[in-house]
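Which chain is which? They are A, B, C and D, in the order written, and residues in each are numbered from 1.
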Amino acid sequence: MITPEKPELAEIISISQDTADTKTFEVKFVDKSVGKKFKFRPGQFMMISVFGFGEVPISISSSPYKTNSIKFTIVNVGNVTNALHQLKKGAKIGLRGAFGTGFPLQKFRKKNILFVSGGCGLAPLRSAIYAVQEKKSEFGKISVLFGCKTPENVLFDKDMKQWQKEKFQVLSTVDNPNKNWKGNTGVVTGLFKHLTFPPETTIVMMCGPSIMIHFSLIELRKKGFKDEQMFASLERLMQCGVGYCSHCNIGNKYTCINGPVFTAKDLEKLPMKEN
Amino acid sequence: MHKTGCFSIKEITKIEGHANLDVELKDGEVEKCQLKIYEGQRFFEDMLKGRHFSQIPLIVSRICGLCNVSHLNTSIEAIENAFDINVSEQTNILRDLATNGEFLKSHALHLFFLVLPDYFGKESVLEFSKEENKFLNWGLNLKKSGTDIVKLLGGRIYQTVGIRPGGFTMLPKQEQLDKCLLLLEKERKTAIDTIKLFASFSEKLSFERKTDYLALVDSNYSFVKGKLCFASGKVIEEADMLKHIEEFIVPYSNAAQTSFEGKSFRVGSLARINLNQKALEPAAQDIIRELGLSFPNNKIYHNNTAQAIELLHLIDSSIRIIKELKLEKEPMQEIKPKECVGIGVTEAPRGTLYHQYSFDEKGFVKKANIVVPTNQNNHTIEEDLKEFIPTLLDLPQEKANLEIEKLVRAYDPCISCATHFLKVNWKK
Amino acid sequence: MEKKKVKVGFFSLTCCEGCEFAVLDLEEKLLKAFDYLEIVESRVLMEKIKPAAVKLDIAFVEGSVISKHDLDKLNYIREKTDFLVALGSCAAIAGINGIRNSLPEGIQERMRQKAITPVKEKAYPLSSFVKVDYILNGCSVNELEFLDFLNKVLHGVIPKLEEVPVCFECKLKGNACLLLKGILCLGPVTYAGCGALCPSQNAQCIGCRGFTKDANFDSLDNLFKEMKQSKKERFNLFTYFNPLPKELSVLKEEK
Amino acid sequence: MNYLLKKENLPKFLELLKKKFDQVIVPVKNETGATCFQPYSGQEIFLEARTDFSAKEFFRPAKEKTFSFKKKNSSYEIKPEYDTAKKVLFGVRPCGTHALNTLDELFIKFFGEDQFYSNKRKNTTIIAFQCNKACENGFCASMGTSKAIGHDLLFIERGNDFFVRAETEKGTSLLDSALFKHTSDSEYSSKINCENELDTEDIEENLFSNFNHSVWKEESERCLSCTSCTQSCPTCYCYTSNDEFVFGSDNESERFRVLDSCQLQRFTKVAGNHLFRPSREGRLRQFVLHKFSYYKKHHCIHLCVGCGRCITACPVKISLVDIANKIQKHSLEESK
């Protein structure tokens, strides 16, 4: 019998520094049989334990088709994430999950896909982008929009180049550009004017700060996107990932089990801006 | 040490503030010896103005972190005297027990953490060798036997909460008392060893100066009741203390000094034993006899021995109290305030403590007056030093300082003041 | 945990020094902590202050800033240390010393004149003058909270203040609520961490750990009013350890 | 089977239980005057009314160790800490048995068994105690919780005796023949008239659709956010999980579940100090809606058993029944 709260040991097999405060960790389950059975959907998250420091929910940022190892892209913002950032290759951490709903990609066949991301929100989307890339023929046109504060915060440079090669539309924007910045400036919603494909046949997946999601929804609605077509991944305080602790409760939904991915239609019914 | 010149000792931390010592020597005689205490900076007496009487004990217990129970008890006595409250016998006994606990803690800390390093020629307990650390454990265990009692009765060791005018907010459980009892019985032997240890040390130090002594004297060696007795013979009522003791301001110090009939006097453990030896627990009297110690005496170093003797007395008296105690539930007494003045006098670990309050008809404080033991000893310390320093002239300054420190520490002016008492700066 | 010892110092400004002794009360646990700590300065444990050249990893400072002397000392400590902890109410919120701040201006003026050493116009917490990295509140500090802090720091955990009211811990302890028994209590507006020490002793919380950010002063004051407390009594209670909250400025009256 | 136990023999019975179980949990009055459940050690048993604090502590403790982690070489040993002590809970009221039933829905039947909870639950024998009069502020009649469920034995006060009915095998096995006498009497139910009444019809929909009703703001203005309500509630289960290093050890750490409260601002605080539910109004609404709306949506049962503890415990007399009734009335008027 399993305990939903029991972490499974995993080893960090590589670490890459993405930006000053963001690292991507590649990890592998220590118990091979666990690794073999492990499956996930893009948009799902796992609970990562750094023993002695605590547990945090982190989205998977690697491809669902490559589950030999799992990647997490993590910003150093507090205790647990800071402790994670101090770890070296070979260190052991705990993993639970994957939890949450994830993006229902199988329902998006034949559609154009628009990814809208802000800051570290690109991490969970990357998993979905990889999935789409893997089965490119099944989808229509792909567009990846990304916004962040400064050019130094731009994530996944290599991936972006690769996606461009795959003929995806890849646009990034920063709030505060420097001299070398050749991309756009301003908020991510400013990139919507570059969109080429019709709203009716397009699915939107987004992840980022709640303010970004809020304004993106408004702008996209104006462009004719319907609430059922738009999916957003949310963030709330989480302690368990399995609906036990109730911290992530928004209205009658739990972010951890009913989300973190919700359709805009769901969000309409939830008290998102509860004060 | 130069025969002529002056030196000052900066940053003596006090009971409630900081203090310096300034000494001026001329031809081997002390011209000037000033203990400058910046006490009073916290203005407790002013802060109490306008406060409700129920707040007094909790405010005054913050005067001193170490003898907070004494301040509590004294203010409670003053309040209860003012409003004619007679608490139950049980409450009185439990208060005695709490006082015992505090004395145990205070004496043990002073003896083992502050005085002992001196005797071993070490700067601090942190530098003790493995061998010497054994004594530290004695100290910790003795202290624990005291703190456990205070914790039990007051809820916390420093700034206790449960001891109030009218009674206790909460009574201890019998099983908890029994636990304290076990510990006390275990530490009895340590206390006896402690007396031997400190007696052997203080025997070697010979400084002696005849002076008067003051303490509360009672047939039960009580720290809260009794009559105020001077070694020179005078006996006064608690409430009249300030009528006989003159408090005077010295221009260089923030703290007042006191004198009795124009002369300085000592308070503290030595004063208590000098005046009230016969009321000590039998075992404590036996050991005095066994070791051939003689009280009354004028050797201030024997204040340390006296503290050690009190440790044994405190343990035995606490054991007796707990054994005789039959706890009964009782509510706190209700207090109806009226316009009046209340005075409380008790013995704190370092000597006689005096609190006086005048209240308005609703029980708010109009005026407060507090005389702490260190104030009373300051005068004597200065006079001792005047005699003592000339005997040190052959020593190098550093050694001399250490000797001065030892003497001041013997008074236990307050644990924190004694810690880094002397830092000498020579003035040219 | 690295084996290198952490250099700590204990300092004392104007206060009763109970906090440092409270720490000493950890007894064996403290001795165990000495395996990881090097005490560079301490009023209680040491006689002479070591030369000022050493940089401290953590400085614990108790007491409020009342005199110029205090302020100089505080600045000196801040310069010497990487991590400054305000130890106890006096250092964290001016505590009992702060009572004088709520005295009528006339008395305050007289106090200043009476003082022999120059004093500041009010009693201040450390944070009025220097950056304070962490607060261990309480009068006196809770030794277990201190230990927990040490344990965290020694393992590289960033300590975080618990933002819960005393009532939270009071209820965890299973105490009957004093407010319901008709006894005034500042538990609802005071930060926890003491294990609801006073209410567990059947005594009111007097707010020694400082008021919470989330406090509902108006409602609590209304409740006290319903409990037939005069303006003066309410003023006295709210200014026991804390400055009078802005919301309750109506309670202020010249006495 | 029905039995009688002389009232004076209750301590004897409890002593017997102590021999069979690791812990016998009984309702008592503690030193501060609050009534609560404690392990039995000869104290006086409190049976006059429901206790101020529920028996939650023995199923969802305030602080519960869940795992210990030990670093070995460069790996970790992960050990869950299950509480498998055999316990018997005596004197729990019908609302208390319903509270456990409610929590079972989440911790046993929902995601997979939470063994920290289920172990305690399975190893605890329940002896319920029937109420014969209404409790202060209670509204169990409205919640349908005035009859105990899932218990092993039921005690009913009757004159100088306790009328005892065994519901399970486990329960029967506890009945020592020297103390318990068979009786042919049958149970008679006394009807309880709660002073509070709550209209639960469509309550989950009505409360949720009145998310912005003015009552939330009005009532919350008084709220002290003291958490007395959530902590005395037998079904409030929200918790936080914390890791701690074992003091003085370099390679051992432990994980704890610590009871939390939705009435605290920090309940929704994430890194960067962002609060998702900062206002008192929002927090009070969360409490009431979780009770009567959200939980029901997921687990088909209300998260409130009508014990009224939260109302009694509130220093400023905020009542979830009043709030809910106000909105119910409002909805009724609207639908007309």
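Just so it is clear, a contact is a pair of C-beta atoms (placed from the backbone, for glycine too) under 8 Å apart; a residue touches a chain by one contact, two chains touch by 3 or more.
It should be emphasised that the depicted structure is a prediction, and the values quoted were computed from it without experimental measurement.
Q: Most central chain by CA mean?
A: Centre-most chain by C-alpha means: C.
Q: Check A-C against B-C and say which one is joined by more contacting C-beta pairs.
A: B-C
Q: Determine the centre-to-centre distance between subunit A and subunit C, using the mean Cα coordinates as centres, and give it in whole Å.
A: 43
Q: Quick check: how many Å separate the C-alpha centres of subunit A and subunit B?
A: Centre-to-centre distance between subunit A and subunit B: 67 Å.
Q: Could you please state the distance in Å, as a whole number, between where the Cα atoms of subunit B are centred and where those of subunit C are centred?
A: 26
Q: Roughly how far is subunit C from subunit D, going centre to centre by Cα mean, in whole Å?
A: Here the centre of subunit D sits 36 Å away from the centre of subunit C.
Q: Going by the contact rule already set, what residues in subunit A reach two or more other chains?
A: Within subunit A, residues 52-53, 78 contact more than one other chain.
Q: For subunit D, write out the residues touching at least two other chains, lowest number first.
A: 31-32, 244-245, 269
Q: Where in subunit B do residues touch at least two different other chains?
A: Residues 170 of subunit B touch two or more partner chains.
Q: Which stretch or stretches of subunit B touch subunit C in the complex?
A: 13, 16-18, 38, 40-43, 46-47, 49-52, 55, 58-59, 62-66, 68, 109, 113, 117, 123-126, 140, 143-144, 147, 154-159, 161-162, 164, 169-170, 252-254, 364, 405, 415-416, 419-421, 423
Q: Quick check: in the complex, which residue numbers of subunit D touch subunit A?
A: 66-67, 69, 71, 74-76, 78, 80, 106-107, 110-116, 208, 211, 237-245, 253, 255, 260, 262, 267-272, 276-279, 281-282, 285-286, 289-290, 293-294, 297-298
Q: What does subunit D use to touch subunit C in their complex?
A: So the residues of subunit D in touch with subunit C come to 30-34, 36, 52-53, 57, 62, 221-228, 231-232, 244-245, 247-248, 250, 259, 261, 264-266, 269, 280, 313, 315-316.
Q: For subunit C, which residues are in contact with subunit B within the complex?
A: 12, 14-22, 24-25, 27-28, 34, 39, 42-49, 66-67, 69, 95-97, 99-100, 103, 107, 110-111, 114-117, 119, 139-140, 197-198, 200-203, 206, 208, 232-233, 236, 240, 255
Q: Any idea which subunit A residues touch subunit C in the complex?
A: The touching residues are 52-53, 78-79, 82-83, 86.
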